[in-house]
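The next block holds one structure in the form of structure tokens; read it before the comments.
Letters are used for the chains, namely A, B and C, taken in the order the chains are written, and counting of residues starts over at 1 for each.
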Amino acid sequence: MTQPLLNITGLHKSFGTQQVLRNIDLAVQPGERIAILGASGSGKSTFLRCLNFMETPSAGSIELGGRMLGSEGRNGARVYAEKELTQLRQRVGMVFQQFNLFPHMTAIGNVMEGLRTVKGVAPAAARERAMAELSRVGLADHAEQYPARLSGGQKQRVAIARALAMDPELLLFDEPTSALDPELVGEVLGVIRSLAEEGRTMLLVTHELGFAYHVATRVLFIADGEIHEAGTPDEVVKHPQRERTRAFLARHREFSL
Amino acid sequence: MYRWDFAPVLANADLLLQGLVNTLAVTGTALAFGIPLGLALALARLSGRRLLAWPAGFVIEFFRTTPPLVQLFWFFFALPVLIRVEMTPFMASALTFSIQSSAFFAEVFRGGIVSVERGQWEASRALGMTPSQSMRRIILPQAVKRMIPAFMERAIELMKTTTLVAIVSYADLLYQANEIAQKTFRPLEVFTVVAGIYFVVILMISLLARRLERRLAVSGESTVH
Amino acid sequence: MGYQWNFAPVFEHADALLYGAVGTLRIFAICLVLGLSFGLVVGLMRYSRRRLLNWPATAFVEFFRNTPVLVQILWFYFALPMLVPFEISPLMAAALGISLNSAAFSAEIFRGGIQSIEPGQWEASRALGMTGLQAMRRIILPQAIRRMLPALTNRAIEIFKMSTLASAVAYVELLQQGKLIASLNFNPIEVYTVIALAFFLFLYPLVRATYALERQMARSDSGGD
């Protein structure tokens, strides 16, 4: 077995007194595509957001590429330096449910922004790279448009290009199609599928069961902040072993698959 | 029946013009210092570090809560004694209104900054930006655009408040009016004309501000996503 | 170096300051009552679709919002006596200027508050058979006032701060008394520091109350009805 790209052990997250994630262990191998299923409020977003430290884990440790993040602080909890986190985030890209494009920049401006500001790439090189990413998501001809002029599906594709431009080793997708009108879902899933075919490592929270089944290499079902069931798509989606997983799938299968 | 006579006012038009220039000078100076200082105060207050947030909060609240005329008297009559420097009326006025307006601008900045959606912070942080990069590149440009109406309103308020400098004998428009009124015994005409001048100047600025807002509102780069 | 602070002479004149404070409260109360009630009338006129009401109200609001209040006070003090057959006292001039200015600003608050009530509320009250006036008094205004409360409190604070401008026409209020004491004892630092602090300590609780009201409104608005 190769060294995991991401190794999560004993991850806990609480907001105040509310325990949202408990004791999550997960090793992600390079090239794996992990779909995360679960009811609303079960902690899926919080889990993804802990992985690029949009939320700071309350306990547990995360290794990226064999290096443990943070350092031992007082009273046992790990502390993370700002610099370490900005470096980590360059290696872990995130795509949001609400796109979060920068409205005051054009599509290509959005894609160039990380290259210019974070990586310090020269303008011409950044523009060339950004253009390549926009072409990959099929939006080269919309490069100079502001987000307000783009459809939801186009916005999400720009957001994916923005993440890709940073050359991330791992991509996190948090319900990337949930805010889209049904007829726009396909174009975004198409882009994600093409990334899968390139062999990129990704974690994807989604309610698109069919997509998860066909594209993921592994599926996790999260309930009450725990990994309730995990396995291959066939195991979890087609032949779930546990009652809660079955109930969840039954509710969702009505409108997908 | 009172017989209006504007001739004495017209005869002193040069003094009024000089006064208007001085009014604009003190307003401009206060804006030039007040806006950057206001941004600094807002950032300090939002920094989350108590050692910065607390003093900034106090300055903002104090200067927004106390009457500007009291502040002006303090800076004109008290401060020179305290630090042993000569204070011209202009210096005291510029100092007072720079700080006073910065307190108000700070709240305008803060309002604009917190109005930007959390997702904007998250998206920029997720790209690996530092907090200050996020602020400079992503948050402030959006915040400033939303702040423009409040900003113009504050600038107009500032211009009106600068009339107080006449009380410490800085030769602004109102001060000149008082002088001319005493000289010509024509207070009705002088003060009416001066009120008119203020009205026209401020109305013009308001109209300009409204035009600017509309222009920004129709430009393709809107704040909705 | 190091200025020797000495507050004793200030407190020796506590009675004079107290006398000034009473003057401040008196003009504040007068302007608050006149300003807000006249503001409500003007606000309703502004809201009205009848041109004969709307037009003069608009002109009034625009004029008094776009000229400095100190100019208004001086106009009433120096210019108005030329037109009327009676004396204008400092209190009258200052109260007129501040009240009319506040009326113009609060008129816009009232109008905005009334406009913010959903048309459904009008329809529901009309459907019950109420007249327009009844609907306004029983249904619309009570809701609107609740919404406007933070803005109105804010106006009250502004009126309090403006009351210091009455000293420009030698009306006896806190700042005016301070000037007197400072010139008698040559101790402007202590006097103006005490006065600034007095204003801050008196007004800041009101400011906090306004913030609390704003937060409460924001919560109840997002909670829906």
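As a working rule, a contact is a pair of C-beta atoms (placed from the backbone, for glycine too) under 8 Å apart; a residue touches a chain by one contact, two chains touch by 3 or more.
No experiment lies behind these values; they were computed from the predicted model shown.
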Arrangement of touching chains [line / ring / star / complete / other] | line
Most extensive contact between chains (C-beta pair count) | B-C
Find me the chain with the mean Cα position closest to the mean of all the protein Cα atoms on display.
-> B
Quick one: point me to the chain whose Cα centre is farthest from that of chain B.
-> A
Cα centroid separation between chain B and chain C, in whole Å?
-> 20
Whole-Å gap separating chain A and chain B, where each centre is the average of the chain's CA atoms = 46
What whole-number Å value describes the gap between the mean CA coordinates of chain A and chain C?
-> 54
Residue numbers in chain B touching 2 or more other chains?
-> none
Interfacial residue positions of chain C with respect to chain B in the complex | 3, 62-63, 66-72, 74-75, 78-80, 82-83, 157, 160-165, 167-168, 175, 178-179, 182, 188-189, 191-193, 195-196, 199-200, 203-204, 207
Inside the complex, what are the residues of chain B that reach chain C?
-> 2, 61-62, 64-71, 73-74, 77-78, 81-82, 156, 159-161, 163-164, 166-167, 174, 177-178, 181, 187-188, 190-192, 194-195, 198-199, 202-203, 206
State the interface residues of chain B toward chain A in the complex, per the touch definition above.
-> 117, 119-120, 122-131, 133, 137-138, 141-142, 145, 220-225
Residues on chain A engaged by chain B in the complex (per definition of touch) = 52, 54, 82, 86-90, 93-94, 96, 98-104, 113-114, 117-118, 146-149, 155, 159, 162-163, 166
